[in-house]
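Starting off with a structure, shown below.
Order of writing sets the chain letters: A, B, C and D. Residues in each chain are counted from 1.
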Amino acid sequence: MAELEEVLPALAEEMAARTDRGEVADYIPQLRKIDPDRFGIAVALNDGRVITAGDADEAFSIQSISKMFTLTLALGKVGDALWRRVGREPSGNPFNSIVQLEHELGIPRNPFINAGAIVVTDVLLAGHQPREALGEILRFIQFLADDDGIAIDREVAASERATGYRNFALANYMRAFGNLQHEPELALGVYFHHCAIAMSCRQLALSAQFLAHEGRNPATGHSVVSAERARRILALMLTCGHYDGSGDFAFRVGIPGKSGVGGGIIGIVPGVASIAVWSPGLNENGNSRLGSIALEKLTKAMNWSVFAP
Amino acid sequence: MAELEEVLPALAEEMAARTDRGEVADYIPQLRKIDPDRFGIAVALNDGRVITAGDADEAFSIQSISKMFTLTLALGKVGDALWRRVGREPSGNPFNSIVQLEHELGIPRNPFINAGAIVVTDVLLAGHQPREALGEILRFIQFLADDDGIAIDREVAASERATGYRNFALANYMRAFGNLQHEPELALGVYFHHCAIAMSCRQLALSAQFLAHEGRNPATGHSVVSAERARRILALMLTCGHYDGSGDFAFRVGIPGKSGVGGGIIGIVPGVASIAVWSPGLNENGNSRLGSIALEKLTKAMNWSVFAP
Amino acid sequence: MAELEEVLPALAEEMAARTDRGEVADYIPQLRKIDPDRFGIAVALNDGRVITAGDADEAFSIQSISKMFTLTLALGKVGDALWRRVGREPSGNPFNSIVQLEHELGIPRNPFINAGAIVVTDVLLAGHQPREALGEILRFIQFLADDDGIAIDREVAASERATGYRNFALANYMRAFGNLQHEPELALGVYFHHCAIAMSCRQLALSAQFLAHEGRNPATGHSVVSAERARRILALMLTCGHYDGSGDFAFRVGIPGKSGVGGGIIGIVPGVASIAVWSPGLNENGNSRLGSIALEKLTKAMNWSVFAP
Amino acid sequence: MAELEEVLPALAEEMAARTDRGEVADYIPQLRKIDPDRFGIAVALNDGRVITAGDADEAFSIQSISKMFTLTLALGKVGDALWRRVGREPSGNPFNSIVQLEHELGIPRNPFINAGAIVVTDVLLAGHQPREALGEILRFIQFLADDDGIAIDREVAASERATGYRNFALANYMRAFGNLQHEPELALGVYFHHCAIAMSCRQLALSAQFLAHEGRNPATGHSVVSAERARRILALMLTCGHYDGSGDFAFRVGIPGKSGVGGGIIGIVPGVASIAVWSPGLNENGNSRLGSIALEKLTKAMNWSVFAP
């Protein structure tokens, strides 16, 4: 098998040379400003090594990758009761579709599409002020990455709030069906802010490592979730982590992942490593174009796949 | 870890005692006659052992499980060109939905929903008479299971043909979009017959073992598909193998699987084993109710999961 | 032909005796309080007579009937340019469906479903403060009915605003597609208030009489719209005036109409009369149950139909 | 008001000069051969006069206009029981959409979309051989037009049968829901043949005149349907006669009509006349482009509208 220390720099170099980088998300004004030529990758191995290449220490907007953290927190808070308010099935529709909500009476298909993540945020709001709920989410991510420097980019959050009409539509719609316990304004306030958390590939890979290690952080030894819950979160990532491109990602890359429109993707090789990659240009499903390709090449080179023996 | 030789009989006994068995498929008249109390399970381990419990040697109608075999054959025949005519995404709709076909211009979401499997069958028909194409499918399955006794239940096939109006609708619809190269009557003739193949749990577990063993049959050593293709078929099974219950199956059971309305399910533990289970009563998604539960209990007891280290 | 002076009281009496009155709208808290036993009817004939029966002078919430007035105003303001932002086709969906908006990129099907009426309200807001736009709508209706006593029920408006999540969803959704020029909060503020205008059957019949009289008010002689525009508004009422019950209303009643969830319906017999009827209980399409039945009986008794010679 | 004898030739001349004729239907091979430059119009006045212009005596394929005749026949056969199997609402979807059938369990929206007309044909088949049912339809149309020369173009019928996969899909789909009492092959055999009836504008205008004359043929005095039924058929034509362009036709033309993809349209001015127009090029809704425009100009010139006093 190839050596990761050699594979990663070569991959970063290859990606830097590509010109088919996709389009940077343009519906959030602040994200439009990102340099599309950036590419970073970080692999946090369960043996403690962290190997990086490219712009792996530059912070970017994690966007929907935050849904992985909020789901973990909400499951810790209400357990399987969460599944009464959100499903566990792939949506077969774009990340911000409202059609399914009408047919399925306000219950989003899964916690990784926008509607589902708004419900998860609503769960985290229960008994809290928005500021407190947001603080809890941020501290959880800092704890997972063991890094107090992780912060929210408030300009991005403000930009999303000012233009996030579609998310307001989703939230109001679910509220109409009784599947939002707080005013849409409040739930979305928290939602836009946790999507606007900025992290580097290195921080992201470290923060997700508990999922590659049966629920425990291998560096600190802290137990985050049970081994069973870690597996189940991975199952959701595999089937639903890339919107209506989830099947294709599983087919090509072969590991659970979660993407964000900021161009980041987190991938998990159970028992081995967590991988964070970042390239701002997106493909037609709203997932990082070069990030997906880099992960496909990396898992192939390293023979990493949940479908391998 | 538990010993499979002890787990399996206990599981069969527990399942035999349950009364919440779901409903036997009633839209295919011949399937209605099946005794809902049957339960069988067979595990074909990569080390050569085959362990069974319950009615593991009784043949049943494999129905949609045949889609796994036809997909494998069609990929062998046309390779990735197949993906121009059928997608790789979960459908988010019941197995026989026609709505998506209209919105997506006759391209079925994946090869495991009926529309997709009809396209796959159409691919296998190219250059053949229906009788020849069907013979090729049957011989392929006999070869995989190393068992010439596997046969088609022609009464079931006739029963499906006489009542399969919905499949006729799907086939005609795709033909209208130009995504069927043969007359619907011909493609469906083959389709109904390969769905009507009858196999026991033991035969089914053996026939699918190449998917648990990087594409090679561990007993005969014959290479069926490349290791990469085996993984990709498993990815499709995990994301799409249980219709609009695929996400839930991945979440609960944690391994790739493919179900049929005859009550059978095949599950694959990469590197370890293939599992066939059979109980005729179905849940609301059209998957074997006790079969799903038995697989969940078995994978938990054996600590089998593609999401485990 | 029957004499209207005899038909109307008999009809009111018959309706008062019926017990199958449908259900009062319950999603707007203030409307729930209405006495379901009320029934009123008023016919304003082009010859100047106004004949009434039952509770014809009691004010009720006109709700979606206001869409007929705002459409008329908006056509006066921007003319056919309106049709770039809203369609003219029956929706085939409930009044508050959001599905079509996604498939048709934020362009509502017609000005009589909620989404379409919100766009129309947005048009009336252009260049105005909400308070001014609302004042213009109210004064227009007072002018049409020649009655300054018509007013907005601010409790109903506040009740709708506090619970109108679905309308907030629609407005935000259209704003996301760029088909709302003002903030959803502003357009909906005006929308909720014009829906909350309270009028009696007598006032309503008089206010709509211009549509029965080629665009001119027969009492005052004032021209409201051109004859051609009056006919076109009637065409929209016939094809779209009763949500997904429009076809049935045209089939049974045979004249253009517009209903509101407050239980009112306005019907127009071109060249003859405008009819307002009110009974708070609704049928499954959200239209007044007894109101529809009374109109069917009245048009039959009087031989009124746009499809008659 | 203008004199029809002057208006009609001028209109035919104007239409002959236009080059924006739309596209001839290409999905039925036989129809592709039609000369797109043809234009004919015939007006059958209730006073007995028949005024024509252009190619008014050339036979063309009436296609979906036949649905008006089969609906009339089926209502005569089973009365309001028909409405248990087909709705009366505009569909809001193209003429051959299958989506609504899935959501509404096999009950088509109205008798003028393909699915609904196939159900109506199935009703006419009850107790008959296909040949007999077809003969009954043809004789009914001959009787209405008082012209035994009207015939079926069997080449067109064969062409439709050979390529009508979408209609086979619809029929099989409804059969799956139990809303077709005969095998799809049989019902469609009759359906394709009655769509392939060839008539001239003159014949068509005469055959539909009973609808303009309270259900009675003014020439022969024969009563075809009751006055009430005639009005109700007109209501269905107005709300559903032009597929998803019905609202626009009512808005622009202002009279009930029914179009066919052969380029014909029949329009009814209650109490005055029936109008048949023919121009083979279609607009984006599948309705005759110049036919629609000609009808709009004619009704405007003559001040004909069901919404006029």
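Note that contacts are C-beta pairs under 8 Å (C-beta built on N, C-alpha and C of every residue); 3 or more make two chains touch, one makes a residue touch a chain.
Since this is a predicted model, take the numbers as computed values, not measurements.
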Work out the mean Cα position per chain and let me know which chain is farthest from chain A.
D
Centroid distance [mean C-alpha coordinates] between chain D and chain A, Å
55
Between chain A and chain C, what is the separation of their C-alpha centroids in Å?
47
With centres defined as the mean C-alpha position, give me the chain C-chain D separation in Å.
32
Specify, in ascending order, the residues of chain B that touch 2 or more different other chains.
none
Complete list of chain pairs which touch one another:
A-B, A-C, B-D, C-D
Spell out the residues on chain D that touch chain C in their complex, using ranges where they run on.
46, 87-93, 100, 109-110, 212-214, 227, 230-232, 234-236, 238-240, 244-248, 250-251, 254, 256, 270-272, 305-309
Enumerate the contact residues on chain A facing chain C in the complex.
97-99, 101-103, 165-166, 168-173, 175-176, 184
